[in-house]
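Shown below is the structure under consideration.
Chain nomenclature is as follows: A, B, C and D, assigned in order of appearance, with residue numbering initiated at 1 for each chain independently.
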Amino acid sequence: MPVMTAEDLTSFMEEAFPQVHEDFQVEEVRDMGLRVRLKVTDKHLRPGGTVSGPAMFSLADVGVYLAILAQIGPKALAVTTNCSIDFMRKPAARTDLIADCTLLKLGKVLAVGDILMWSDGMESPVARATLTYSIPPDR
Amino acid sequence: MPVMTAEDLTSFMEEAFPQVHEDFQVEEVRDMGLRVRLKVTDKHLRPGGTVSGPAMFSLADVGVYLAILAQIGPKALAVTTNCSIDFMRKPAARTDLIADCTLLKLGKVLAVGDILMWSDGMESPVARATLTYSIPPDR
Amino acid sequence: MPVMTAEDLTSFMEEAFPQVHEDFQVEEVRDMGLRVRLKVTDKHLRPGGTVSGPAMFSLADVGVYLAILAQIGPKALAVTTNCSIDFMRKPAARTDLIADCTLLKLGKVLAVGDILMWSDGMESPVARATLTYSIPPDR
Amino acid sequence: MPVMTAEDLTSFMEEAFPQVHEDFQVEEVRDMGLRVRLKVTDKHLRPGGTVSGPAMFSLADVGVYLAILAQIGPKALAVTTNCSIDFMRKPAARTDLIADCTLLKLGKVLAVGDILMWSDGMESPVARATLTYSIPPDR
């Protein structure tokens, strides 16, 4: 079961990632997973109003990271080692992205999480990603 | 052989990606590949001064995109469909990243490129990535 | 909605892939997805009785391929262009693997499918994979 | 520098992987890399005579595994945790595949290797792959 709530994760981000925490909002925490929103602003957009690839990568990375923290607590310093991401559809213009994250493995050394994301209000996913995190031994 | 020079690519970026073109500098264009620099500034950094994952993803994405344009010209509208990226070492603090890109396939429908990147002046790579781009039929 | 049943897919495999069709059994076809079993025999095993990586790759590849055929019919000649696969746990010894496949995108040119697989009777997944298929224009 | 020669690796495979060792031949070992041949026989083929995807995956997996062993010796029990593979061209019919493997990282916990493979005698690569191995702590 998770040991951190959505509020705990928000406070943690404010301290640990002052530059980006305003971009994300944890919507729901559940066992081995959570839902997080990218609050899309101009800096996330490409010409035409679509959300950029790096912004989607960023949402995937933050989502799985927070899902790990929610399970093991705020002390861990997990590091992304691998990401495979598929961009499947064009996001809706100037629309928040919602990502649903599920941890498939939470081992002593490695954690693996899946992400599916879509434009708020749309049904078809715009991207999917899988990320692996290395968890330092002294957690 | 490439049909665009480093200068051509720079001009293209200025027009097409006004928000990010200042971050990148094409250092060298060769047949089926090029070298590009991420001019690291505060916005690319995580606490501790290390370059963020999204900034590295962005360098990989731009690098392969420009390598494709260099071969087929500025009219194409290639779209990233897949990226797998491995983060292997911590980048040096507040140091530019250099990425070397090689196109492994440049087909009518899909292009595949490899990226290796490292902190300027260091020897061991910090990350590698492979990206697939879908090339629209009417190019 | 699918245009081929589990029986249709089995007949198709018998003709198209005589060398491997006996290894697989389609268990269930649903809209944009299916469930398929790898009937594990000696040739799929590594020393110690565990299912080999190539056998798991093979299950992922066949699963998404069949899920695409189920939707678009047996005439298509889809070709795997990319696979990212995560091996998360050791499979149970000498035990069938079950794979659940979901198509996330079925476009004119590219299809993307997700796979989760586990040892029959176990709960935790042993592997996950995402595969991209290129669909020839003249289907 | 490598601590095992091509002959050492061949002997190791004969003992550790009796079922598959005859399929592979190490052609050359160098620092942080090697070249290995898949001796293509009927079992590796798909209808039409082309080498199957699982056979190519298998070559990638064995190649990086042997490259790790060559550096750290035969006692290690490295486990594949992730593979991303891109299939870029159709292999030549009934022709051996050659894979060139380079280790990009050989850490205490994780190793990452790149593979490029092509049909013997051809120039353009048929596939590329990156694999991550987890190295058990007690090596």
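Heads up, the rule we're going with is that a residue touches a chain if its C-beta (ideal position, glycine included) is under 8 Å from a C-beta of that chain, and two chains touch if they have at least 3 such contacts.
Fair warning: this is a prediction, and the values are worked out from it, not measured in the lab.
Set side by side, the interfaces A-D and A-C show unequal numbers of C-beta pairs in contact, with more at A-C. Distance from chain D peaks, on a Cα-centroid basis, for A.
With each centre defined as the average position of its C-alpha atoms, the distance from chain A to chain D rounds to 34 Å. Rounded to whole angstrom units, the spacing between the C-alpha centres of chain C and chain D is 23.
If you average the Cα atoms of chain A and of chain C, the two centres end up 28 Å apart. Multi-chain contact residues, meaning those touching two or more other chains, occur in chain A at positions 81-82, 84, 86, 88, 132.
Against chain D, the residues of chain B that register as touching in their complex are 84, 86, 88-89, 104-105, 112, 114, 116, 124-125, 128, 130, 132. In the complex of the two chains, the chain A residues touching chain B come out as 16-19, 43, 45-47, 53-55, 57-58, 61, 79-88. Residues 81-82, 84, 109-110, 132, 134 of chain C are the ones touching chain B in the complex.
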